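Chain naming follows the written order as A, B, C, D and E, and within any one chain the residues start at number 1.
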Amino acid sequence: MEWIQQFFNGISLGSIYALIALGYTMVYGIIKLINFAHGDVFMIGAFTGFFAISVLNLSFLPALLLAMIVCAILGVTIERIAYKRLRNSTRIAALITAIGVSLLIEYIFIYFRGAQPEAYPEVLAKETYNIFGAKISSQSVLILCVTVILMILLQFIVHRSKIGKAMRAVAYDQDAAKLMGINVDNTISITFAIGSALAGAAGVIFGIYYTKIDPLMGIIPGLKAFIAAVLGGIGIIPGAMVGGFLLGIVETVVSASGFSLWRDAAAFIILILILIFRPSGIFGKNAKEKV
Amino acid sequence: MKMINRFWKFMLLAIIIYTIIQLLITTEVFNLFYTNTLITIAINIILAVSLHLVIGITGQFSIGHAGFLAVGAYISAIVTMKLALPFPLALFAAGVIAAVAGLIVGIPTLRLRGDYLAIATLGFAEIIRIIFLNIDYVGGAAGMVVSRTTNWTISYICLLITLIVIINFTNSRHGRACVAIRENEIAADAMGINTTYYKVVAFVIGSFFAGIAGGLYAHNFYIIQPASFGFLKSFDILIFVVLGGLGSLSGAVLSAILLTIVSTFLQDYAETRMIIYSLILILVMLYRPQGLMGTREITDFFTSRKKNALKGGENL
Amino acid sequence: MSTNPLLHIQNVGIRFGGLRAVANFTLKLNQGELIGLIGPNGAGKTTVFNLLTGVYAPTEGEIFFNGERINGLPPYKVTRKGISRTFQNIRLFNELSVLDNVKIAYHSLAKHSIFSSIFRFPKHFSGEKEMEEKSIEFLKIFHLDHVKEEKAKNLPYGQQRRLEIARALAAGPKLLLLDEPAAGMNPQETKELMELISFIRNEFNLTILLIEHDMKLVMGVCEKISVLDHGQLIAHGTPEEIRKHPKVIEAYLGEEVGEEHA
Amino acid sequence: GDGDTIKIGANLELSGDVASYGQSIAEGVDLAVEEINANGGIDGKTIELIKSDNKSDPSEAASVATKLTSEEQVLAIIGSATSGNTLAQAQIANDTKTILLTPSGTSPNVTVTENGDVNDYVFRTSYIDPFQGTVAANFATGDLGIKTAAIYADSASDYAKGLADAFKETFEAAGGTIVAEESYVAKDTDFRSTLTRIQSKNPEFVFIPGYYAEVGLIIKQAREMGIEVPFMGADGWDSPTLVELAGADTLNNTFITNHYSAEDPDTTIQDFVKKFKEKYNGESPDAFNALGYDSIYFLADAIERAGSFEPEKIKDALADTKDLLLVTGLITVDENHNPVKSATILEYQDGVQVFKSKINP
Amino acid sequence: MLKVDEIDVYYDNIHALKGVSLEVLAGEIVTLIGANGAGKSTLLKTLSGLLRPKTGRIDYFGQSITNKPVQSIVQSGISHVPEGRRVFANMTVAENLDLGAYIRKDKKAIEEDKQAVYALFPRLLERKKQLAGTLSGGEQQMLAIGRALMAKPKLLLLDEPSMGLAPLLVKQIFQIIQEINQNGTTILLVEQNANMALSIANRAYVIETGNVVASGTAKELQSSERIKQAYLGGM
């Protein structure tokens, strides 16, 4: 029974990682940028939700929507101001900028409100279900469902819709995409908007589930989500989800075996092992350059 | 010979710089604080230049350099504090063990490319940190108290050795092999270069000097803790290299100096220091994405060989 | 055919997923020969080069070079055994000078160790000097010495193609593989290239395997031609034989090829 | 210092991992300095406070300390919040004869080196970790009559480790059994897997030395999973945020040891709470606020008693402090430069800290 | 139809086109020939909006398109098959063709045109699910042309379509170019294979280091001694 419970624990944890990783992987997939600020957009989403619920007295869904909109706008703004100019420079320059943006968001936020954490109000009634003697909360189930639905939705957008094709075209060759009549700037903005909105949603859900939010809360989940995305094959949407679950389960198993201090190390070891045997992640196609 | 001549010019310059600074220290024009800042600058230059060899020269996107810094710091601290052996030996041991760590990390990860390599190196650095966190012998989370033995002279000597080795390596057929890997790995392979070997060599040399820097670091700051070697520290080193200009050794040196000074100066602006720091990062990248020096070297401004494209410092 | 070919490709093949890019391919090259490899786009010509140079390991068959089995060796080892190549899509070290591009090719012929370089032992200086001198000699042959300090990416296309050949030669091959060296050249430039190929072949005592779609070049310089289609050899013979070969005409040349360039 | 001012440095964690502690201390320090200066300063000299950020990093802390001692030539340094960052400055303080007073560095070896020597110039305002751990264990075995306990400690802090060790020693000495010893890492948010493990061992009591940010979540998640036994912690729990995070109901049946309680009716305390709320928009002061505040008064008292601004004399005066009444209690400094003072035991009832008992050393 | 008037184009400080003027009439095949690096590709990129001329003017059906964004130029009926194919390697052949029709909304007609492209290049039909990046050079070239046709252009800019193609295919491609032209699409063709280009073109321009140095009907140029010497292999 303990282990069934641990499995559920792992899935719940993993679906949070997966949720953040979806947006990460999406942005990465299109402009090949490790958007380190993604975790901070997630943080802003969490605080927007907090503000919406406790100050504006909104209920869950409107708060979620508001957070998603705010984050979408923030994401697009970041892209327009900080990343757009760097499209033709090295990836590493863009990465450093992303680190800079991440620090800037964190510390501007701290400058204006301080670093102290905030407790999330309870907006969703919480029930606990018993499955095979293990307990699982309604919130975990909700997160799991939201993650799976968003994953399917995203996969559909990127691979079936017209805008998705445009995104992938832009991802590969911006000039050639332009020649198809694609508006590259708008396509990238849409990508950022979707990715950031997802981060915002993840922020609110994280807040509700874990109840604690603070200005630096995005760093660790951001990093973990990035690991999850890489595990699954970065840029690949179902990969992000599977990577998230895998990471969640591995971490839980390690903690449950009494090695909680080695949990993060275990996460990285799994990552490295998978990369050694599958250098592009679980679902990554080994994109060896054709010679 | 021209090359030998250049070496002595370099040494002469090095000795002059040393003498001036030493004079300022002994006459107490530079107080402890300035001296300390100089030592920190030396350590940061060593870190920047050692990572420059991996990223700037060989083109391998490693973002876990702090891991090797940690290995060097802990090993040297164990040698002096627990084994009570002399400091220079500790520094050497720090370099060697860090190089071994580099070898262990490098062999499996360097076959990865781009962002996958980046995250794997970051992962290894975190693993190293967590290992120290879990070893009670070195104090676990609380860390290890280390007595201060690093001084300006020894830091400067280490810095010089680092520069000479890395510049000499870069300006040889071996350095060219590394640059070839950076430029086009498939073509380098087709030219008979054992790409894996050179990636690992560059990585091991880089780790060796990061280890030396770790030894200096540990004996300069009184205490070492796993928390000081997290990924943010790796990013700091990465930032030196990128801000200076990828592929430019003097750029890495210059930005290590500038950023250390900026960071020390900003101590007085507690609340806003991170905001200013991050703004500097963003603005430099937006307006000079190629970094302060681009791929040029300081010496390019003095010599006529402007088009010499192989970067990493002039021949010594 | 002589009994002891320089290169002997025996029933080699490779699959990519479901696609059999090369199948049951056999070819012998004797010392000093210049053979053309032609065939429709996607026939598997470049893939043959990739198999020869170790970029891909064949899933079937064997490759012997100088009597040694080389299939499965990594590319750098193949190069050291004496096979070097150019690429269909130019792969120079773009940010490096023309001179450095050639020096890099000398890498495996030089002997000075990492230690002697780091500590600047005399061996380092003599080694580096030799590399530099030899590289410059090469550049002279290819009329590139006047641009030796230029970055490779700043060269005009034609010079880039020549630099790639120069670089491949500097690695000291016995067998040179050229993948569409005339692509993107106009007829005049192609003519000059033909002269260059003949020249280096004699000068360096080379064996050459050449992929090219420009029939004027192929027919003009090659002694023998092999034709690939769908990964399989469909014909092998002298240019005259190939020109008239019905299968080749059908799959590759089309009718009345002779007249077009006449 | 020269002229009419004395320079006091503050080497605090204003950014980085534990920024909130450094910032809290800074608030308390600011308030105290303001008050003292408004009342004419110390022996007629006003305090010039030089606040520096050490980014929660020991190497930065050392660099800041070097700067404060050599550039600014401060008389004393307040800080840092954590033991590690304080230790990084200990040698500098001794070498440059600068008083180093940490408000909240509770690890014993801050003031005493590994080989048992006392750091001449290093002092602290808080009591040390083992004391709180011992008090908690005695309370559990005595007042609550507990036989089996689990420990769930923050592994990333020496503070929590010190508490856990002391608790374990005292608890086992009193005949109790520790059935589970688990750790978490600061900044974790999901504790369910380890809690599931603890739950399977059925302890009667769980000791959770750590800081409120994680503890709040631990308690909440534990109660959700149906772990209903009493929990106990220490001063690291003390923050209004704990109540918000865990929820008022959830927090019932939990206890802490603390330096002081903002709810304590004691007049010294209420005075402080009032002044603090006035300055900081009604914010209720936590223990770090109080310790920061006390540190300045602790130092000021010593300077006055020393009747001199020479560091040698001030350090002796600090070491000789007896029965000084501060917000966090009546303190007497022992031979290891540790203040001997009382600990308060509080119980959470519907989100409010209720005074349970005061335990003297 | 298209009138280029004295345009100057720079790459940073490299002056790539120096006051180039030319004209393309509706229904024509016009070819540009010139040595490597003469500026032919630069001209095409400027026409499709990927580069901006510093001075000068480009008129299309009497209206200026000089500084219009690429997508509106595509929308107005100019399609550019870039040098080096530039197919979307990570997408299938079919998806590449779909993207060619990105600006169009008429789903049924798009599907018909796709079939027409497959009919033109049966190899693409065989490989329609294959990722474009794994196609051979020639296959990619077919895809690039097919993709441009999917936009139903009025003016097709072709940059070295025969590069790297087998002789049979070169012939096919030239035939297809003529077919496309006969179906009403005007064509501006850049070619190294000057002989063949001139044999199907109505008129031609010769570019040397950023200047138009000669122009005339294809026949005229084919018989010019100077052109023969420099570009046609001296026959």
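As a convention for this text, a residue touches a chain if its C-beta (ideal position, glycine included) is under 8 Å from a C-beta of that chain, and two chains touch if they have at least 3 such contacts.
By chain, UniProt protein names: A, B = Branched-chain amino acid ABC transporter permease; C, E = ABC transporter ATP-binding protein.
Small disclaimer: the values here were computed from a predicted structure and weren't measured.
The chains in contact with subunit A and with subunit C alike are B, E. Greatest Cα centroid separation from subunit A: this falls to C.
Taking each chain's centre as the mean of its C-alpha atoms, the one that lies farthest from the centre of subunit E is D. Between the CA-based centres of subunit B and subunit C the separation comes to 41 Å, rounded to the whole angstrom.
Chain centres here are Cα averages; for subunit D and subunit E they lie 75 Å apart. Averaging C-alpha coordinates per chain places the centre of subunit C 30 Å away from that of subunit E.
With touch defined as above, residues shared between interfaces to two or more other chains in subunit D number as follows: 15, 17, 155.
In subunit E, the residues that reach two or more other chains under the touch definition are 134. Shown for subunit C are the residues that touch two or more other chains, namely 46, 55, 87.
Partner subunit B is touched in their complex by these residues of subunit C: 53, 55, 74-76, 79-80, 84-85, 87, 91-97, 100, 103-108, 110, 112, 114, 117-120, 124-125, 127-128, 131, 149-151, 167, 171.
Of all the residues in subunit A, the ones that touch subunit B in their complex are 28, 32, 34, 82, 85-86, 89-97, 99-104, 106-108, 111, 223, 226-227, 230, 234, 261-262, 264-265, 268-269, 271-272, 275-276, 279-281, 289, 291. Chain contact summary for the complex, subunit C toward subunit E: residues 16, 38-43, 46, 88-89, 156-158, 180, 183-191, 213, 215-216, 251-254, 257, 260-261. Subunit A meets subunit E in the complex at residues 162, 165-166, 168-169, 171-173, 175-183, 287, 290. Within the complex formed with subunit B, the residues of subunit D that make contact are 12, 14-15, 17, 51-53, 56-60, 62-64, 66-67, 69-71, 83-84, 87-92, 96, 107, 109, 113-114, 155-158, 161.
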